[in-house]
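We call the chains A, B, C, D and E, going by the order they appear; numbering starts again at 1 in every chain.
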Amino acid sequence: MGSLLQVVFDALALGSLYALAALGIALIFGVMRLVNFAHGDVIAFCVFALLWPSTDAVAVVFAGNLPWFLLIPLVLAVGAALSVLSELVVFRRFRRANPATMMIASFALGFVIRYFLLMLYSSRPKSISLLPALSQPIEIFGARIPLLQLITILVTIAVLFGLTAFLRRTRFGLEMRAAAENFTMARMLGVRANRVIMGAFALSGALAGAIALILGSQTGTANITMGANVMLMAFIATVIGGMGSLAGAVIAGFLLGSIATVMQVILPPDARAFRDAFVYGAVILVLIFRPQGLLSARGAKERV
Amino acid sequence: MRQSPALRSLSTPILLSLLLVCFALAAVFAGSRPFNQTIIDIFLQVIFVVGLYTFVGNSGVISFGHIAFACLGGYVAAWTTIKPMLKGGAMPGLPDWLMQTEIPYWASALVAALWAALWAGIFGSVLMRLSGIAASIATFAMLAMVNSIYSNWESVTSATSSVVGIPIVRVIWPYLIAAIIAVFVAWAYSISRHGLALRAARDEPTAAAASGIDIPRARLIAFVLSGGIMGAGGALYAHSIGIVTPDTFYLGLTFTTLSMLVVGGMSTLSGAVLGVLILSTLIQVLRWLEAGVQIGTSTFALPGGVQEIALGAVMIVILMFRPTGIMGNKELNLPMAGSEKAGRQGPEPQTTNKE
Amino acid sequence: MSELVADRISVAFAGLKALSEVDLKVASGQIVGLMGPNGAGKTTLVNVLTGFQPPTAGAVLLDGAPLSGPKPHLLRRRGIARTFQGGRLFRDLLVIDNLEVTGIGLGQSRSAAIAEARAMLDWVGIAHLANRIAGTLPYTDERRVAIGRALMGRPAFILLDEPAAGMSGQEAADLSALIRRIAREMGCGVLLIEHNVGLVLDLCDHIVVLDSGAVIETGDPAFIRASEKVRHAYMGTAADTHMPVLEVGQ
Amino acid sequence: DDDKIIVGFATAATGFMQAYDKPAEDAAMIRIKEINEAGGLLGKQIEVVTADTKTDRAEGAKAGLSVIDAGADLVVVSCDYDFGSPAALAAESSGLVSFFLCAESIKAGIQGVGPHSFSASVLAAVQGATMAQWSYEKKGARSYYRLLDTWTEYNKGICDGFDWMLPQLADAKLVGEDTFLNEDASIAAQITRIKALPQEPDAIMLCTMMPGAVSAIKQIRAAGINSMILNGSGVDGSYWLSAVPDLSNFFVPVQGSVYGDDPNPAVTAFNAKYKEATGGDPSTQYTYPGYVMIDVWAKAVERAGTTDADAVVAELEKMNAEPTLFGPRTFTPELHHQNQARYLIVETKAGKPGVVDEWTISAPIPVADLMK
Amino acid sequence: MSLLTLSNVSVRYGRLTAVRGVSFSLAEGEVLFITGPNGAGKSSLLRAIAGVTPPAGGRIDFEGHDITGRAPEDIARLGLSMVPEGRDVFGGLTIEENLLVGTGMHAAERGWRARAASELEAVYATFPILKDRRHAQAGLLSGGQQQMLVIGRALMTNPRLVAIDEPSLGLAPNITDQVYERLIALRAERKLTLLIVEQSSTRAMLVGGRMMLMRGGEILLDGDARALGQSEAMQAAYFGYGEH
């Protein structure tokens, strides 16, 4: 029983990160039909913002030493600011572009951010000690879960409910969803759509900041490509969750983490290296049986 | 007199091929081996982007997975062209007959095309039912699966370690010819009945179904064909540098290829080819700048990393001003439909009388 | 003679009964009108007949045999064609290609498809539009192209969903003539959905009126015109009821 | 040109390989400068040409061709086999000697490039074997757990060496094994498997590299697993230790110490020189093979009296336990790599790394075992 | 005082000129029908007024503000509500949410929520079917139901002027009547000004008011709806008889 619970915890530990990241991706996707590949680089940027620019191997910590109650808002603000900046400078000009164009633009933007970091910090991974107290595992019913992951799970769920309530219940949320569906029509109804979208970017950027904090404290590393893998999994979670459905994205994020964990547990040692092949195979299966996603977002299916 | 549309559009692949020939000639006249290699790379990229275009351009489904077929092709080159002796060491799990096989590079490219097309058929028959972003993710999952398998199947792919001993081909002609063939194949497909049906389905899937078009099947045909092109490209890529590893054929190449296609204009063949030529030229120029150019007495050089930043910025700017890519929805065509000479002879004497 | 029958078709969407036990029959050469208020289920019925919407209960019979498997492209190949409430042309293709593609979808050879497409454009009266990009056409012409496209391969049945919406009187009259020719000259069975009551009453041999997913009246035009039920559920000014009028002097 | 000797560096000046190539290249430059100051090689000054591979294979081939066209007598290629081999293959087909800056796969040499190719470093397998034997002999470890990051060949190489050594150690036992991927955000499931063992293993052989190594180590220690952790050289350096405060019971094999406590004072002197040249201390031991490379190649050229590739290769292949600043080096006609080497053992205790021992595996790892 | 004034407005799409130098003004409380054949430029004109397609030339004033080239949301906030051609419902939102989107622009005013609620009831009273399905997804409505929704939505914002492009498109005859009833009632209640585009002049003749005929991007006729509707000139202008 304890070991089963442990598997659940391990799955949650991995999944919570994907789930939280998926929220940031799903939000922007829901609002703009934009698959924001720059999101991963925003995550990396947030971590590097804690270090002084230097190409030495040893990281020169700068804001990273702040007490947590300053550190956390700072990182969230950096993420939000960079994200809003990217909307102002780049994405605003792509309102009418097709999704593929926006996606490549976001990819190019991510490229710019990545190489900018590379110039300042070199490609060498750097080590930082972020919120070290959070690495301690805690025991629940004989199963172990790092405090950090527990916090991640709680944050994910809180953000999910917060965002959902925000989108469902507030005027701003309603306007955001309307602008997402039909930008021009929303404007014709007096919605200041550009501001609304900027708000979405700010939220998504702050979520990137949150991921940065979690990844940073979990891995102890600042790495130019650190956001990329999480971003990729989050993107997949967004799609199999049902495009634009926040709850779907979160569930799918946890699901991906669980599949990976379960594969790791049940596969014989020789096959474990192929774990990802099984995980992606499962992704294909989910898509084949539920092309619209686990919780298909409302309006996703056009009627004839 | 109007010519048939098919014949009229023939000028597109011809013009594109001439452009490629110009690049090849530039390499020959420059006589520098690194430059020659650069042009070879450009031709390989043309093959990849044209292969991707064959599916993406006609179906409108963004595929993140096509580089998997290049991977399959690259390993076919490894399986069929490495000396049997070497093969045994690196990939002991190969079946005996394959172990003994040693064929020339062009034959390996052909086999690679068939092998990749076969797998495109197998994956495609499952995936082509999906559309939109779900299809994109499914193709990505396919890529990740292939990558995971090839990165770990020690006995037949040598896992993550580079497979060496693939004969290196450093002359430019085979690559030029392959790129031109790819261009013509893509062109022939897009004007074929299958291509036409698929493009119709791209714009209006509902109406296409109501017009009797079997959309999954139409997509599958394009998928198989483009998989074949990618496979051949992958094999030639292996011959251009002499090694293959699975991570050559993963996210990096996927995004380069997609970017070139989208920046060029993903719904036209001209966009596919010009996207490669323009971006590659840009990259090359930036690299020269980065390496330092002599202006007068002083050398001017960009600091390292600026090249990539500039490339990203230029791509964004191009897309800002041309959201449908450089070519938009237009094909490169002779200004005067039907007269094959017009393009090359420069401005024709103005003898036409205006009504 | 061929016959398309909706046999006790029901469709439910998550609690909403869009259609309940609807019967309908169209025979070759016949024009059947389908009327009803907004949301009555007319489009849904067409979707069922063309395979876009699997029915919750009931069956679609073609010449007495049930059609199995809701695959729109297969039903189209068996001769059940339709148009849509919006134009849904292949906007980036030429008009002629719009028709040619349909020929290809039906399995014709390329040259046969082109030949038939040309003949069809001519027959529908829009031969001059052959080389226009479909996306740039005005509304009325768009409708005609859509009808021409649906007529490729000479389907046994054609289902028209509000083809005259947004048309002026004269344009509607031209369309009406075209529809009559489709039935008379091609021998097609036509199912016509229209809110232009005059057009329906004038054109149809037989009319079915739906309301809230159920058939409330069927009969010939004269009968429908006289029906109190239909008037109540559906008719407005067109059947000369009261109409708001601005006070004089404004 | 006849009045100078050209060394061509087809290495990464940008991209992630730069972090590995640059320090080794700097060290090579120091050796070149020393030689030039001492009157040059065969009386000629050594000149350097460079071309950037951009951490890309296709670019690597181009960079190789560039330096060859610039007249290189020796082609130095990227640290890693995958990224260095395109340039090395170009050199091989031009009949030139090529050296990998610090590749640790057996393919970096005859097996993967050809008879003119060498590596300046030591095989990864030797690292795994060294750690296994040393911990067995000196630390009394008996139960081992093997955790492999399948991301690169280098990682697998370490574990291969470990696997080769383990059966030779009487009553040493492998109590479990698992894999992960460098980029995995969490290795919770792998840790659970270790925790599920009836007894904590004496040692965990961790075959991985940066940056995933830090994450793995952090998570292992956070989970309260205190076994010794044995590693390859890839995790050498103190730059990352801040991420795992107070790390202890952690062991790394190195060719020379960057911590200022190398038993050989000449190494410490080199470190000073390096700092003078680059402004920083060497951050990992991967700086050193660059120096060794120029050193052995120059000796071979002197002995051959020419830069002619075949003559130089013949001289290199005669080297048997040739002393260098970082231990003896041997090349044979079968192997252009080190399948046995002296390693310093660095232990990290309460967050402080320092040399605690020196170990050479009892027998070279047979080439046949390395090739399987 | 005129509420809306157009002076010499033109609209271009690339090389094609869809509206050529149109000028007219509309007084508060007036009802103006614009009719004309396909491609006359009616929709383009409306889009220019609403700021969706900025005019290529000319000037538009609304309530004394120059709104030429202003952003659509600013124009909407001045009280000009537009129902575009083709049903632009927010398919993923519920019907009620669709109706409420536009009320947000009054959020700065006091008591806007209460007013929004009463507007909502008024729309539901006109179109009971919308009330029945208030929590259903708008994208799943039938064509005509969507048309009701967009008209209702435009009225929710408490506008001074509504511009509606083909209100009767796809509506059952009795529903069309209801739409007009409601519009006319609103005009009486709060001096709502109406600008309605209809393909045919029949409805304008029934309702009365002012009518303009557009063709080829220009206004050919302008006058009383009933009088114009019956005139020979109308027929001729509509079909362009006697022009060539």
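Going forward, a residue touches a chain if its C-beta (ideal position, glycine included) is under 8 Å from a C-beta of that chain, and two chains touch if they have at least 3 such contacts.
Not measured: the values here are computed from a predicted model.
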Requested in this report: Walk from chain B over to chain D along touching chains and report the minimum step count.
Outcome: 1
Query - Distance between chain centroids, defined by C-alpha means - chain C, chain D (Å) - result: 75
Report summary line: Averaging C-alpha coordinates per chain, one finds the centres of chain A and chain B separated by a number of Å equal to 31
Query raised in the report: CA centre of chain A versus CA centre of chain C: separation in Å?
Result: 47
Query raised in the report: So how far apart, in whole Å, are chain C and chain E when each is placed at the average of its C-alpha atoms?
Result: 29
Query - Multi-partner residues of chain B (at least 2 other chains) - result: 151-152, 206, 304-305, 308
Requested in this report: Can you tell me which residues of chain C touch two or more of the remaining chains?
Outcome: 43, 52, 84
Report summary line: chain D touches at least 2 other chains through residues 14, 150
Query raised in the report: What chain-chain pairs meet the touch criterion?
Result: A-B, A-C, A-D, A-E, B-C, B-D, C-E
Query raised in the report: Across the complex, what residues on chain A touch chain D?
Result: 3, 6-7, 9-11, 13-14, 17-18, 56-59, 61, 118, 122-129, 132, 135-137, 144-146, 149, 215, 218-221, 223-226, 229-230, 257, 260-261, 264-265, 269, 272-273, 275-276
Report summary line: In the complex, chain B touches chain C at residues 193, 196-197, 199-200, 203-204, 206-215, 329
Report summary line: Touching chain D in the complex, chain B uses residues 32-34, 36-38, 41, 44, 89, 151-152, 159-162, 164, 168, 237, 240-243, 245, 247-248, 252, 290-291, 304-305, 307-308
Requested in this report: Would you pull the chain D residues touching chain B in the complex into a rising list?
Outcome: 13-14, 51-52, 56-58, 60-63, 65-66, 68-69, 81-82, 85-86, 89, 93, 105, 107, 111-113, 150-153, 156, 371
Report summary line: In the complex, chain D touches chain A at residues 14-19, 55, 150, 177-181, 183-186, 188-193, 195-196, 210-212, 214-215, 218-219, 222-224, 237-245, 280, 283-284
